[in-house]
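Chains: A, B and C, in written order; residue numbering restarts at 1 for each.
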Amino acid sequence: MLHIHNLTVSYGQVVALSEVSLEAPRGCVTAVIGANGAGKSTLMRAVAGLIIPKSGQVTFDGSDLVGVATDERVRRGLVLVPEGRSTIAEFTIEENLRLGGLWRSRFHQRESIAGVFDLFPALAKRHKMLASTLSGGERQQLAIGRALMAEPTCLLLDEPSLGLAPLIVQQILELAQQLAIEKNLAILLVEQNAVTALRVARTGIVLNLGEVVLHGPAQQIAANKDLRHAYLGY
Amino acid sequence: MNQFLDFSLGGIANGAVIALMALALVLVWRSSRVVNFAQVGQAMFTTFISLWIYEVSGSWLLALLIAICAGAILGLVVHLLVMKPVRRADASGAIIATFGVLIALQAAAGMIWGGDPKAFVPPVANSGLEFAGRIWPVSWYDLLIFAVTSVLVLALSYVFTRTSFGLAMRASALNPEVARISGVRVSRMLILGWAMAGSVGAIAGVLIAPSATLSPNSFDLLLVFAFTAAVIGGLDSLVGAVAFGVGTGLVLSLVTGYSDASNAPIVSLVLLVVILLMKPDGFFSQSKSRVV
Amino acid sequence: MRSRLSSHAFICIGAWLVLMLVNNAIEPLMSYYLALVAMYATAMFGMVILVGLSGQVSLGNGAIMAVGAYVFALSYQHWNAVISMVLAGMAGVVFGLLLGIVGARLRGPYLAGLTLAFAVGIPAIANRFPSILGGEDGLKVPAPNTSIAEVIQAPTYDESSLDQFLTDPSSAGVAPDPTSTVQTFDTSPLDPGSFALEHWQASVAIAVACIVGFVALNLVRGRQGLAWRAVRDDPVAASVVGISPATTKVTAFVVSSLFAALAGGVFAQILSFVGPGAFGLKLSLALLVGVVLGGRTSLVGALIGAVIVVWLPELVGSLGNGWNDQVSNNVPNLVYGLLVVAVVVFAPSGITGLVTQLRSFRQR
């Protein structure tokens, strides 16, 4: 369970996030939607510990994360899948996966790799090949797979659909929903692609210029026409 | 032809030391994208410490071990006190700071041990071996250098390619942010990278000292040669550093043999210019034009 | 535009007048230091442009000074000092162009390493052609007025100010060199108050520094300075607005090499002698240390840096009378090294940057 309370982030004078609060319970997808520059990625990076917020709290499974380094958050089960294809191109697929859970025992690593390969058979076939040989969708699978190697309880998915074909976007978002339910994960999903994201999410928030403008059940947000016109542009 | 063979064989031991120093430069480059121009200064300093231990204890092995430890500590100190606080955006500053460290270390060594060159007696004979009816330009000491270098290179490549620690090191070098979000303690990897580089440089210093003399400035040329080798090898590549380190040693030995030792830096400069004009990223670089 | 030009001219002529008055009022030894400061300032103006404004850390300028000094010495055997200075400057432009064409393509550490090799390699060339360049003994640069020159027996090369700046790399390392040539400076035969050779040398150095300072001021505060900064901070953005990064970087090399070569010509006259020992890596590092301490991006910083590089060894020498040579010879370098690190970490824009910060802090 991830709680974000009044989180404020600023880059110098510019306020990127202003008093954002939300919670992401386990077993479902929580969507964060908004246009370009709404502060979605900033939110994710702050939760992952890559940016230090100006004020506000992030609590994870009941403990405050202030001052906890990114790598420690990962080890506690809070894992970010960042925007873009964040795999290491010079590594093989297997090496990329192993990287995600290096601190765990060999036995657990092997178990997790087998689990990831079950989930993504395309990766299993080519585990000795370099990540640079993969297609965009496969690299996104690899990035998610690497995150799963940490045995997370909360996944932060930052724009997994970026630059992917619609069919693959559909697959990846449905996978997120499936992971949340089957593995009882809390998934925080950031998306520009609001329609698909709201379809797989249970609740959602809409960000605009760093502020939460709406907070509620996903269907309700999807049904709100005024809001769509005003903030999402469709 | 015989002469050519002699000059080539004579260059291998020197090349092995250049390779080690180049390796140290590469280790630092991979961990923090900085060329540590103070590396030879650190090596000079630890070699003085090692010489002192050697003279007191009489044990070369102990002296080498102390140098390795001192090198690691010095690398760690330089990283934590100097390089880490330099702002990441200030690329020029990082380079200048390494020269500051070099100047300070050379001055400190001069204060403690004086500027006069000191002799470092090799632990085994450093005169040409007699074999098959002639004297070869290879000594027992050269063989020792070669053995130590080979063991070290093999051990390092095992660590980097086969162990979890190596995977974490490589990930931190290639993409620190991805490493961090994968749970790797990147700042710890940086420290270890500098410490390892310090140790490798220290070994190079102890190994080369008997072939030259030891003074605060005596490794300046080694810096130029090692940098040349590391750049030709691609700065990123351990294999490249070793291969071109030995190669640079060979070329310099041939130049020295056929003409004069004072030509070596000029040849090194020409090599560097030609390579940088042809292949600005070197020959073994893995990551093409990765913007830092 | 015109008013800026004239105000720059006013500054430089004013500085020249003041410095010349000072030069006439002080003892020859002080004049000698003044000459050194002016010479270092000339070279460091170039370093500010290359390292500070265009962001290219180069150790090659000491070697370019060697080029300027040798060209001056060779030319001075046949022609007068003005022609020789012009030729030295032209040699600097040519070498700067060559170094720039290679160097401008390279990213930071590659460039630093290449110029490091250049700094170590170029002085060694003097030993390759002993018949022309005089080998390790170097070339003599006769004093302009023989009557003054007779008074001065020993070549005026003060050991303490320069030789302490890092011992000569060519006299150590792979090829140890026993013949290090160090002459001491002898002031006793000089009559204070008369226009000694030192006064003449200082007036040459001051004149060159003021002319170079004028050119540098106009470049730095004009369009070219803006272009250098733009390319340093964001080459892509600069090229989008029509500034060619390559040309701009090469220009920085050419200008700074011109200044360095002129400084080299002045140095040849101050030393009355040109030899490989004076132009090793230590000189290049001295230039770098000076601009970093003074303030990497400021011409005033270069002046401060020049004063520090000349004055600090003297200060330490006078403070450390009780120490043995081994310690006192190395203190200046230890201080330089630690200061450089401290400045880079705590005050990246050097002393001038600190002053600016203090001033704005007080105003608040």
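Operating definition for what follows: a residue touches a chain if its C-beta (ideal position, glycine included) is under 8 Å from a C-beta of that chain, and two chains touch if they have at least 3 such contacts.
Everything numeric here is computed off the predicted structure, so don't read it as measured data.
Undergrad: Using the touch definition up top, find the fewest steps from subunit B to subunit C.
TA: 1
Undergrad: Average the C-alpha coordinates of each chain, average all protein C-alpha coordinates together, and give the chain whose average is closest to the overall one.
TA: Centroid comparison flags B as closest.
Undergrad: Which chain's centre, taken as the mean of its Cα atoms, is farthest from the centre of subunit C?
TA: Ranked by distance of C-alpha centres from subunit C, the top chain is A.
Undergrad: Quick one: report the Å distance separating subunit B from subunit C, using the average Cα coordinate of each chain.
TA: It comes to 31 Å between the two C-alpha centres.
Undergrad: How many angstrom between the C-alpha centroids of subunit C and subunit A?
TA: From the centre of subunit A to the centre of subunit C is 56 Å.
Undergrad: Rounded to the nearest whole Å, what is the centre-to-centre distance of subunit A and subunit B, using the mean of the C-alpha atoms as each centre?
TA: For subunit A versus subunit B, the centre distance works out to 43 Å.
Undergrad: Spell out the residues on subunit C that touch subunit B in their complex, using ranges where they run on.
TA: Residues in contact with subunit B: 51, 55-57, 59, 102, 105-110, 112-114, 116-118, 120-122, 124-125, 127-128, 166-169, 171-176, 281, 285, 288-289, 292, 296, 326-327, 329-334, 336-341, 344-345, 348.
Undergrad: Could you please specify the touching residues of subunit B with respect to subunit A in the complex?
TA: For this pair, the touching residues of subunit B are 164, 167-168, 170-171, 174-175, 177-186, 286-287.
Undergrad: Sort out for me which residues of subunit B touch subunit C in the complex.
TA: 29, 34-35, 37, 82, 85-87, 90-97, 99-108, 110-111, 114-115, 117, 212-213, 215-224, 227-228, 231, 235, 261-266, 268-269, 272-273, 276-277, 280
Undergrad: Name, in rising order, each residue of subunit A that touches subunit B in their complex.
TA: 48, 50, 69-71, 74-75, 79-80, 82, 86-88, 90-91, 95, 98-103, 146, 150
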